[in-house]
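Both of the next two complexes hold subunit A, though its partner changes from subunit B to subunit C.
The block that comes next holds the complex of A and B.
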């Protein structure tokens, strides 16, 4: 197990390094931050000084060397825009995104498993048809559109919910509800398919021959076997949310890491972009590890 | 009021499929008493399992539908019982074991948990269930019962898994045990042990046993009475010995006639120059030696059978000959050239001479290719064997040789029966005019009557075309009918090698004797005698 983790970590480190190199050099191609941060009438001298302060005057390879050297000392540089350590800015935003992702995925997983399982138990029945229709619509609805409709109906029209911000519990309702829709639609379909296979398996026949009741047959015998493909999809969807739900965060003015990344790219705040990539990549690495652990926990035949 | 423990009356079941309604069983009636063993004998598609599924309420409806009849258990009709009462019968009063215990045990729970569940589902407490599970596992002869309860199904052997299934089924001392092909996937010696265990437990508890099987030997070994089914109908019922000696129905006669192991044994000629000569073939996987130093000779037009139980290394030997597995050592001379030392290009050219027929034609034939494509593919791969304008005539000829019709060439594998598919696989092997065909359990998945036809076909090809066969099998009667020489393997070693007569009539090694004694004969009288011999062997 520990050698598996080590191998995994090493492979992830290599891909992370490649990603850093690519982002570092590509972001430098987007232009000169001095042109954005200083007024149009700023003198060439002031511009020079700005570049000097932010280390943008050195040859690009030297800049990269310095960046890596600092990174090895856990220093990810300053945010130009906020004049604070880039890592602090990112961690703050990431905490918001993490909460949003955890709450959404917990709700999605719970709801999708129950509804998908029940649909599979009577495949082709009324409940199955309704849930298939709903989940299909959910999986294919464009979230930016649903978000705008949601704001128009619940915030502007009915006035029940705030349009944006993070002050109270009510602020969370719309973003969570809209982020819920697509993963829910996808995962219900996967749970349903996987459960239909599991419920038609030989060991379920054995359980019925033993006189086991329907509910434990679905949720004890079949579900644990059906969870492996489901977990893979849950992982994919959670990774997408951890990367920051860019559109939803932007629409609802939610201070998460997705919105931060878009803002930093637009503002050429290179250090923040790189720090955000590092933090989300680490989170996704840890989550994939958790998923591999979950496989081994669910199925005793899987050993690393 | 019925006096029988179980009475099935005029049961008819239909299945609605995409291609129309299939009447799986038609007006089937039989009965079973306490302490009695009734066998339902039939080939695949005979409907022999359907009535048992109806008894256990395991038929999915839809697509299934019970159109007539009643199933009286202790005088009460199971088909009209309310669902809760019906479920309570399962496990408590009637239990079932199945053919393939690995897939019938839940892979993600410990066997202890699964046995306990049989008890807790009917109201036992966890603690009581645990101690009872321990007793049961010990009773069915699982070593280290305490530790075994914490293990998962994949950690046991096939025979042990079936013992665990039996422990689970008998947890609540049911009045009726249904066993659906309980020993089909097991080795002969393990089969004998499992059947003996079932019989012992029946004596202990006085339960009725309903055993579903395709194997006349199993019927002869265990059943008091037999119900013969064909195409959804009961064709004959009676006391086992009586049915075997005086079968009334033509189908029963055909079935008994097709049972292998009764014909004259081959008498191989004096040994000439061998076409294949294997010396010290070895296969090592890491620290595990699958095959130790195997040596044998094979003449043209001769059949060498390699017999052994699972894990004996018999299939590995076959795969090494075709280099589907890389040998770890030894030599195999094919007409003087060492197959094991050949470069890939040389081997590729030689593939023409050596062909293989696998166990399961459903898996070894590409489902998206027509018979025409399957057979002609060999000529596409090896151009120059046959000019394209001759293909049509040759395909027709090959299909004729294996007993199929030329107009079937446009069909896909799923449009054929299992036996026909194996004929296609043989026709495909013959397309390259091979001099050696390796058959890896090529007839084990087939019904007896089909098996007999395929063996006859192979033997005809051997005689007419002078093809040599390496015939890997676990089924001794089939080997007896087809082989010239027999090589018995155990745990990767050759235990005995001799002519078929030597091995079957005067086996030298105890393992060969045990293997022969464990085999089941379709004749109940022969089987009774063999059983005595087996017990004597076990005691002495």
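The block that comes next holds the complex of A and C.
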């Protein structure tokens, strides 16, 4: 097991490095931060000074060397826009994103497993049809629209929830509910499909023949076997959330990493872009590792 | 369980208390963009200025756009030009910074030198381009500013220089200290910024005791927040959401939309072609349709209350027949009027930009122009908008929005129209001469020179297709007595807010 983790860590480190090189050079291809940071009337001297102050005048390979050297000392540079260490800015935002992703995925996983399993138990029945319809609508509704409608109905109309922002538990309800919809629709469908296969397998028939009740058949015998593909999809969806939910963050004024990343790309705040990508990539690597370990936990036949 | 109960109890109590607090003398303001730094020398940038300018950090002089009384004293009690052209400022006495230190001429000198320092990239030097300015302390409450060449509008320029204590380091700071009526008491990045009124402010005590700033990117959410009472002022909402006359106000903002004509490239070097472009556009048809009602048709790149505004300059009439005739004339003289012209605009530059540009493209084509429409993201757009312009470009019309709320055309004219201007697409000796003379003149002479230049650029040079002076929309809670003005885009002095 530990040699597996080591191997995976090594492989991820290589991809992380490649990613770093690609982002470093590609982001600098987008142009000169001075052109965006300084007002249009700024003189050439002002631009020159700005580049000098921020080390943008050095040859690009020297800049890269400096970056890697600083990175080895755990220094990811300063944000040009915010005049603070880029890593601080990113970690602050990522903490919000992580909470949002964890809460949403926990709720999605719980709800999707229960509903998907029940739908599969009587495939083609009334409950199955209703849940398929609801999950299909959920998976296809555009979230910016659902978000605005949610605000109009629950905040402006009924006055139950705050429109946006952070602060109390109530502020989390709308963003989590809207982030919930799409992965929920998707995972319900995967659980259902996987469960139908599992429920028609020989060991379920045996269990039924022995007189085991429906609930243990679904949630003990079939579910554990049906979980492998479900976990893969959960991992994909969680990774998408860890990259930030730009639209939800923008609408609800949620200070997450998605909007930060987009803003820094548009403003050419390279250090923040790099730090954000490193942090989220690391998080996604850790999550994939956890998923691989979960496979082994669920299915004793899998050994690393 | 007990812990849980206490937690929920606290949350419920907090939720119950905060609206009650909002009924108090605190106001909540929801802005479209967070301030990335709260650096006083960056206060001319709107996302920063709207929070700290005149609230935390004050200036020597103050341009009163709201009351229309012109340049007013703030930290300076008075100023006069000396025989050698330099300006002497008498400073207010008994003023204290929020850190308790006293205000004197040394603070002013440090503030100016710091803002102009090469070690940090402040916004301030942009307003002092093409001149060297030196600040000399005469005594504790007297300071001289000597500019070379002599600057008649130096007192106005100093309305853009925020004053910080002498001890402020020459690097970007995140906790501004100033002489203003408020001090920064909380900043949670990404969430909120809180300013609280000071007890030891030198001037009148403002009605608002504290201000909480929040940031939301979506205009519909900002409007909803005022409606639900989560905010008191949303300075910028969408025209579409401005539906409640009791809370929603439109105001002429200081933005002007115009298409710059690249006069150096055929066939746009021919003035008849440029006039035809202007006569082909039906500006009136946009008002109340794609452009909000209340917007004005533009005759300059700066808005009407600017010094030297020339009311005699008339908007080009919509005259497609006249435009066609001019094009025929030009064609007969061998001008290649059917050369495809590229109409360039910036994505999301202003509301309905796509539809507006498509309509203009159509109107130009109706009189016989061949027009291709191109949109760019901000960074790519900059390459088209500012020098050095792309090599080998064809004839282009670059549509942009320009902001001048500073009351004087000098903030626009040089860089938009001088031969050396970074965003100029003309090179005309008479324009260069008028800009130089107007910039150096004072009083009526200055106003008259700007008037002359406005007419010359509009009627004779035909440097642009000037379009609209834009309007913005604000939503304000009914309990407040406050209306947006042209200055709202750049600053929002809390002292202007009263309760009904």
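In this section, the second predicted complex is superposed on the first by the 300 of 304 C-alpha atoms of A that agree within 3 Å, B and C clash if a C-alpha of one lies under 4 Å from a C-alpha of the other, contacts with A are read in each partner's own complex, and residues count from 1 in each chain.
Going forward, contacts are C-beta pairs under 8 Å (C-beta built on N, C-alpha and C of every residue); 3 or more make two chains touch, one makes a residue touch a chain.
Just so it is clear, the model here is predicted, and its values are computed rather than measured.
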(message) After the alignment on subunit A, I want to confirm one thing: do subunit B and subunit C clash, or do they fit together?
(response) fit
(request) With the two complexes superposed on chain A, say which partner A:14 touches: subunit B (first), subunit C (second), both, or neither. (result) neither
(request) Go through the superposed model and pick first if A:61 touches only subunit B, second if only subunit C, both, or neither. (result) neither
(message) A:165 in the overlay: touching subunit B, subunit C, both, or neither? Say first, second, both or neither.
(response) second
(request) Measure off the angle at the C-alpha centre of subunit A toward the C-alpha centres of subunit B and subunit C in the combined model, and quote it in steps of 10°. (result) 160
(request) Would you mind checking which one, subunit B or subunit C, touches more residues on subunit A? (result) C
(message) Looking at A:29, would you say it contacts subunit B, subunit C, both, or neither? Reply first, second, both or neither.
(response) neither
(message) Contacts for A:74 in the overlay, against subunit B (first) and subunit C (second): which applies, first, second, both or neither?
(response) neither
(request) Minimum C-alpha distance between subunit B and subunit C after superposition, to be given in whole Å. (result) 32
(message) Need the overlap of the two footprints on subunit A, from subunit B and from subunit C, as residue ranges.
(response) none
(message) List the residues on subunit B that touch subunit A in their complex, please.
(response) 56-58, 87-92, 95-96, 98, 100, 103-109, 117-118, 121-122, 152, 154, 165, 168-169
(message) Quick check: in the complex, which residue numbers of subunit A touch subunit C?
(response) 30-31, 35-43, 46, 49-50, 53, 79, 81-84, 89, 92-93, 96, 148, 151-152, 155-156, 159, 162-170, 250-253, 255, 259, 266, 268
(message) Could you list, by residue number, the parts of subunit A that touch subunit B in their complex?
(response) 201-203, 205-213, 216, 221, 224-225, 298-301
(message) Looking at the complex, which residues from subunit C come into contact with subunit A?
(response) 11, 14-15, 36-37, 39, 118-121, 123, 125-126, 129, 171-172, 174, 189-191, 214-218, 220-221, 224-225, 227-228, 230, 377-379, 382-383, 385-386, 415, 422-423
